[in-house]
Amino acid sequence: VARITLLTDFGTADGYVAAMKGVLAAEAPLAAVDDAAHDIPPGDIAAGAWTLVRYGTLYPPGSVHVVVIDPGVGSERRALAAEIAGRFYVAPDNGVLSGVLDNASNVRLVAIRNPAAMRSGISRTFHGRDIFAPAAAWLARGESLEGLGPAVSDPVLLKLPQPSRVDGAVVGEVVHVDRFGNLITNIPEAWAARADLRVQVEGRDAGPLRAIYGDVAPGQVLALIGSAAMLEIAVRDGSAAAVLEVGRGSRVVVAPVEKRRLA
Amino acid sequence: VARITLLTDFGTADGYVAAMKGVLAAEAPLAAVDDAAHDIPPGDIAAGAWTLVRYGTLYPPGSVHVVVIDPGVGSERRALAAEIAGRFYVAPDNGVLSGVLDNASNVRLVAIRNPAAMRSGISRTFHGRDIFAPAAAWLARGESLEGLGPAVSDPVLLKLPQPSRVDGAVVGEVVHVDRFGNLITNIPEAWAARADLRVQVEGRDAGPLRAIYGDVAPGQVLALIGSAAMLEIAVRDGSAAAVLEVGRGSRVVVAPVEKRRLA
Amino acid sequence: VARITLLTDFGTADGYVAAMKGVLAAEAPLAAVDDAAHDIPPGDIAAGAWTLVRYGTLYPPGSVHVVVIDPGVGSERRALAAEIAGRFYVAPDNGVLSGVLDNASNVRLVAIRNPAAMRSGISRTFHGRDIFAPAAAWLARGESLEGLGPAVSDPVLLKLPQPSRVDGAVVGEVVHVDRFGNLITNIPEAWAARADLRVQVEGRDAGPLRAIYGDVAPGQVLALIGSAAMLEIAVRDGSAAAVLEVGRGSRVVVAPVEKRRLA
């Protein structure tokens, strides 16, 4: 039995997600459907790309991940279906697959064009119901990726911000702020894990790298390695985003003490 | 295997929805349960009725749709179970089924009265757990609609606002505002789709009918046909509700240019 | 087929819940997974404990309830697995199981220690993915509770506020405020159900005990017995929390008229 996940910016109250689930129930009745999230900020493709990476490969091969964050719906943007390392992905061609395509090998990618894999009478505003859910059902039933449409070799990719090494320091940025106000950076563990380094966010000191929240007092800022093996800045029992008043895009510097002027 | 959907105004944090799921797991262990939405505004029967129409018939026949938006819980209002075009619905008799009953043929409707289909010790405040979930499990197990109670012929129906034709123009109103701030009207595609017409919302011009969001610049207002085949007013990459400062009940006029004084 | 429920304070947008679901899909592919709630206020252990009681025992024996509200993640706090009256619970040892452990007999409790029941490379910040979801999968597959680790006899328990009888009156407090603004108290039905009593919240009169919301006019405050068989204070078609400007911890007195000075 295939498992299908749904990631959207639809919220749930309007029934758009339920409409997709109805299509899946009708067209892939044996599949199990998991809600990933529906509260991605409206149109925030980068946020969706980030979230998808958190769970995509934790699901077993054969799973089908549907992503509908689609501000360009109705335009000429393509609808994509992909197989990456044995999992399937269905999404608009707007960069939302950037995270899972990044550094991936073993990728097959097609544009969804086969009318037999779509609902009849496709709307101009709701391809989640009319194209993406039917395509997911198609894959969940075990029909072929290639049957959905022609191969694609040039998917839209977001330019994901990369950390850099500058004069002995590492300069990165906040790429995600989570519900707890944790500031998740694009600086990997291997670049940050050295005892003589200190972390700064927009010029404010976050101290040396700590192991756990409990290493500082409640309310204090700390830097640690988060669950994605990236440097995070947090506040114990609080919100680093609120305390430091920073957000996505904020500059993060990891440097030996004597390099702190860089921040 | 039957599929059961849940639509409520309960939110999830209080455990009321989970309590209903527990009852379903105990009494219909083979059924699959889909969350439709739990963030309908508290007590907003019209919003629930609107949302239910978005997905009710997309589910396959045999599905059981549970709707618990129930400000009159504990009073003499009846608990209903219905079969409409092969799908089952379980809900309080307060109008929340109006949308799916509207123009429906092939309707069977009963009042839930059979104690064998309820939990023992029914509370005065939580019929979702004590009456509606058990009734849904009853139907999902394949037991009969008539077994739940006596036939009903006079369900409570909301007076849904209808568009009208006035002196060559169409006058309707906003019936739903979605998460994106799209203003969804009660004017059907067939009444709005003519090239010489312009759309106005509370006297403000929304232009002629467009095909897709991409037909205007970001931030601009446009009118288009939405996924329910009704006229919608939107802002590309933005919220029409916020930009135009209008909401449910706002007046919408579709008229030839020379009739615009009607608005 | 086992059923697994998830209760967290993670929200959904960050993908943490989806990551747990991915682990469950990989490690217990036949289990059905229900979302209980993910919008518990961040770190609010008491709220989680309260919510869990609402549904824990409504699920059938063999169900596995996962609770991850875990501000102490990464510290020395233990990870617990329990069997209580035939249902399984997996949670951090921080008191979040207090409600279901309270007055429970037939409890087996272990500390999760077996590396074979965990993901390899456990993070310091996300035991939901690395420890709790794998342990839930372990139990859902029918493997033994004792196989997870050694027995525990001293779980952390919250000091749940208890009502008291004072000079002929009952004094309790608000222990939960739900989405509707209902004030749920720790005063059981048997202590409040007497015709000559009146209810007060922080010194403000909520009247005698009523049967249903419909017993007062819209907008009026009333006291009634809620779905947990506890005294609740509500406002018909409104929010008691907003109208009375009170919340969790507020003092509630049930007293004969002549005792009202107690409040």
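To keep things simple, chains are lettered A, B and C as they appear, and every chain counts its residues starting from 1.
Basically, a contact is a pair of C-beta atoms (placed from the backbone, for glycine too) under 8 Å apart; a residue touches a chain by one contact, two chains touch by 3 or more.
All figures in this text were calculated on a predicted structure; none of them were measured in a lab.
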{"item": "Rotation, 0 to 180 degrees and nearest 5, that superposes chain A on copy chain B via CA atoms", "value": "120"}
{"item": "Copies chain B and chain C touch via same or different residues, half shared test", "value": "different"}
{"item": "Cα-centroid distance, chain B relative to chain C, in whole angstrom", "value": "31"}
{"item": "Interface hub residues of chain A, defined as touching at least two other chains", "value": "32, 35"}
{"item": "Contact footprint of chain A on chain B as seen in their complex", "value": "1, 3, 5, 7, 32, 34-41, 47, 50-60, 63, 176, 178-180, 211-214, 224-227, 229, 232, 237"}
{"item": "Residue numbers on chain A that touch chain B, as the complex places them", "value": "9-19, 21-23, 25-26, 29, 32-33, 35, 42-43, 71-75, 123-126, 129-130"}
